[in-house]
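Okay, so chain A shows up in both of these, paired with chain B first and chain C after.
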Partner chain A sequence: MNDLVPIVVAGIAQGVPIFVVASGLTLIYGVLHVLNFAHGGFFLIGALIVTTTLQGPSLAAFGLSVLLAGVGVMLIGVVSEVAVFRPLYKAGSTVSFLGAFALFLALVGIALLIWGTNPRTVAYPEALNGSFDVGGARVGQYDLALVAVGGVIAAGLYLLLTRTSLGTRVRAVSHDRTMALALGIRVQRVSTSIFAIGAFLAGVAGALIAPVSSIDESLALSSDYMLPAFIVIIVGGLGSVPGALIAALALGVLESALFRVAPSLSGFSYYLVVALFLMFRPQGIFGSPSRSTQMAR
Partner chain B sequence: MSGSERSSMLSVRGLDGWYGSAQALFGVDLEVGVGEVVGLLGRNGAGKSSTFNAIMNLELRSSGEIFVAGRSVAKRTADQIARAGVAWVPEDRRIFSNLTVRENLDLARFACGDREPVGVDELLDSLPLLDKLINRKGNQLSGGEQQLVAIARALVPRPALLLLDEPTEGLAPLIVEGIADAIARLPELFDVTIVLAEQNLPFVTSLTSRVYVLETGRVVHAGPTADFAADAELQDRYLSVSVA
Partner chain C sequence: MTTIGRRFPVVTRSGVHVLIGFAVVAVLMPVFFGGSPLFTWTTAAVWVLFAMSTSVLFGWTGLLSFGQAAFFGIGAYTMALIHENRPETPGLVMLLAAALVAAVVAAVFALFALRTSGAEFAILTLVLAQVLWLLTYRVSWLKGEDGFHGLFSVNIISNPLTSDLDLWYYTIAVVGFCVWLLWLLHRSTAGMAMRAVRDDPWRSAALGINVRRVQVCAFAVSAALSAVAGALLAQGQGVVSPGMLSFAISGEILVACLIGGMSRFGGPILGAIVLIWSQTLISNLLHDSSMFVGLLLLVIVIALPQGLVSLPGRVRNRRRASGPPSIPPAPTGSLADESVPDGSPVSAGDEEALR
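And now, the complex of A and B:
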């Protein structure tokens, strides 16, 4: 029990930022059918914005910085969708993917120009710079805060997709874009809205990991966050937010357990699991063989 | 009364259409008057669905003139055409299987433009079979139920023009009768003009006053439905079926 609690909490805490990034990725894929490689750039810029905007060690200051990072990256996301992706939709997913890769390179380049190459760090908020005793084991306060934030974001996304007009339109567009158009839905606006939400989530995720990670351009394609996020949306089922949540948390706990039990295997769990899924269930947990987009299913 | 004697609801002139480089429509002309129910007959691949796709500006590239209630819609996007008062019920119904029937109906409100949407209660009065389906998900509906929901969804924004693409496709004869009864009441209940694409001649004969017959993307015959239904040679030539 003493070992299990910190393994689970650390695993979930590791999975939460990955879920937040992956949820944006999978939302965008579900609606636009674009694998947004530029998401790593959004994630990096979110983290870098915190290094610039954080004013003091208080929790309120950190919360404000996280929000600014989310909103800042959301604005970049909206401009990206309008300027880069919108002209490419009709050209097909391969061209859109290449556009996303070009945007990724541009975002990393812009980040280097603005913030330079030196790694940056951000201190934990003072109020969360400690640990709790949970079931006889020490669990970091920031880890628990991440779990709580992840829960709020997951609940918010669930409510957005299932209880709002935008959510219904998003699910309709993700299921059948042509019929949605024929029903008078302004699909372009839905696409831009969902891209904005996805970018916001990437910015927030970048901001949330700022205190626990060294921040430089390698973060944009880091093996700790971005690569697992791509794996999570495959394992969860492309386009499925619940799938991303389950996959991120399960893989986070698995990775955490491996780190304790067999440290030499740590880092391989994501790749092993995705390889197994690609072999035996390529549509992921919530995907179906015939239709890969299963928003809010 | 023919389409030319009524004020025009749909006027299509010289409509050409292409899927990629393959031409599917060749100079299609249609005239449909306000309040008419007009049939669009033809074999599989004759161009019925392509004509509707071209009118909705969906899935194929087209040129030509398309007027709805006297206003050109040829350069508009599909969502704008829907908001201009054109509703489309596709051959495969395209119910959102991940949404409930109620959510499917709610979505159609976005096509209202400045019109007041038809409320669920009004729809249930007109199509009472919907009542037991309202909270089911799209993937829990039979083919006939999907067709009913697709028609109801199309009616929500009070369209002026309803394009119905093969509503009897794959349905049992008893269900077809029910669908025919429902369609027959629509013009009066919802003040809607209907263009009905079908291969089922008895079904078209029971509902329409005039027909256009398409073959390989061209209009090859236009006239009263009764005349076409009485002409076995024309039916053999263009439909390869005869009236039972």
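And now, the complex of A and C:
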């Protein structure tokens, strides 16, 4: 028990930023059918904005810069959707994916130009710097805060998707784009909105990990956050937000447990899990078997 | 190329013009360049091979791989490990071993990863490269960040290369040979099957092509030649480090292919040369070239999705479209000309398809 609590909390805390990034990715995939590779760039820029805007150690200042990072990245996301993805939509998903890749390179390059190559760090907000004593085990306050934030974001997304008219339209478009168009849904506007939300989440996730990680351009494709996010949406099933949530938290806990039990294996758990899923359930937890996965069998 | 092909079908069938082209370049380049520009050309030659091998997968078979660095790195590390344990092994044998190791790894990986397709498949290839990159740090005999040094002293057959000029001749000879092999593959029925699988896997399957086998073979061929390129680069630079497995490499080689365009055989060759030289020139002026590479790629993907090789065709079409409507010259056995009785422009892609 004493060992279990910190493992689970640390695992969930690690899974939360991954889930926040992955939920945006999976939403964008559901609506636009593009795996938005540029998300790594959004994530990196979110973290970098915090290094610039954060003034002082107070919790309010930190919260404000997290929001600023989210909004700033959201603007970049909207501009890139209109400028890059809209013209490419007709050309098919491979070309869009390459467009996303080009955007990724350009965003990372621009970030390097603005913030330089030196790694940056951000201090923990003062109020969250300590640790709690839970049943004799020490649990970091920041980790607990991450768990709470993750809960809020998951609940917010759930309400957004099920209780608002935008959410209904998003689900309609990702279910059947042509039918949604025929019913008079402005699909382009839904695409832009979902891209804005996804980018906002990526910016927030980047901002949230700023105190935990050293921030340089390798963050855009780091094996701690971005690659697991891509793996999580494959394991959870492309387009499924609940799948992304379950996969992110489960994999976070697994990774954190492995780190304690068998440190030499840590870092590999994501890759092992995705390999197992591909062997036995290529469509992921909640995905439906697509034409291509059916063919593969 | 096509005009030569029409007049002398034997030339294109046997790919003699590819060999002659590389021989001419090999002889002429040292006349005009020396010192560090010649070394840049040597690097560019390695990237030409790497880009061509990536194009086998991406351009011919339609499989997008974000982890080509995995095979590039496997080649370099295989060579380094053989050199450490048996330094007297001839370099050409090392190249063969590198190709073989990479081909086996690629085939096994492909059998798993091909259960997905499209973007998911691309992510899996990326994961493969990252796992290998992580392994170089975790496995002690791969030496982590330190890597391997002293690969200059690899024997080619019995003696090591002694000068930059020797390195150039050796590199261009290996690259030319490999590209020639690819040309033969491109013209063969296997190459045709790859393009059929790219264009429509379902129809190819209905026509009796074993889609899975074609894809796995394409993956193995691509990996083998990428490994040769990696080993050549390791030998030229003398150093092997985890950087050769990094995503930057996988990304850049895709950029090279896309800049050149993969609708024609020579596209990736052009792309690799443009990429290496623009990177060299830009980084002489500025600290970092990655933003320009990204922006260049963005412009190409949006404005010129067929790559630089499609530029002449586009210009021609635009001129034809804006000029007075004229009947095209009498066809010389080409289907493309017959299909446009009203003189309307044919896009480069259509022409390619009809040939």
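Definition applied: the second predicted complex is superposed on the first by the 289 of 297 C-alpha atoms of A that agree within 3 Å, B and C clash if a C-alpha of one lies under 4 Å from a C-alpha of the other, contacts with A are read in each partner's own complex, and residues count from 1 in each chain.
Please note the rule applied: a contact is a pair of C-beta atoms (placed from the backbone, for glycine too) under 8 Å apart; a residue touches a chain by one contact, two chains touch by 3 or more.
Everything numeric in this text was worked out from a predicted model, so none of it was measured.
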Touched partner set for A:Gly109, first chain B, second chain C, both or neither: second
Superposition-derived comparison: chain B or chain C, residues of chain A touched: C
Partner chain in contact with A:Leu144 - chain B first, chain C second, else both or neither: neither
First (chain B), second (chain C), both or neither touched by A:Phe230: second
Which of chain B and chain C A:Gly184 touches, first, second, both or neither: first
Footprint overlap on chain A, comparing chain B with chain C: 295-297
Chain C residues within the chain A interface of the complex: 62, 64, 66, 112-120, 122-124, 126-127, 130-131, 134, 138, 201-202, 205, 211, 247, 251, 254-255, 258, 288, 290-295, 297-298, 300-302, 305
Contact footprint of chain B on chain A as seen in their complex: 168-169, 171-172, 175-176, 178-187, 294-297
Of chain B, residues touching chain A in the complex: 56, 58-59, 77-79, 82-83, 88, 90, 94, 96-99, 103, 106-108, 110-113, 153, 157
Residues of chain A that touch chain C when the two form their complex: 29, 34-35, 84, 87-88, 91, 93-95, 97-99, 101-110, 112-113, 117, 221, 223, 227, 230-231, 234, 238, 264, 267-268, 271, 274-275, 278-279, 282, 292-293, 295-297
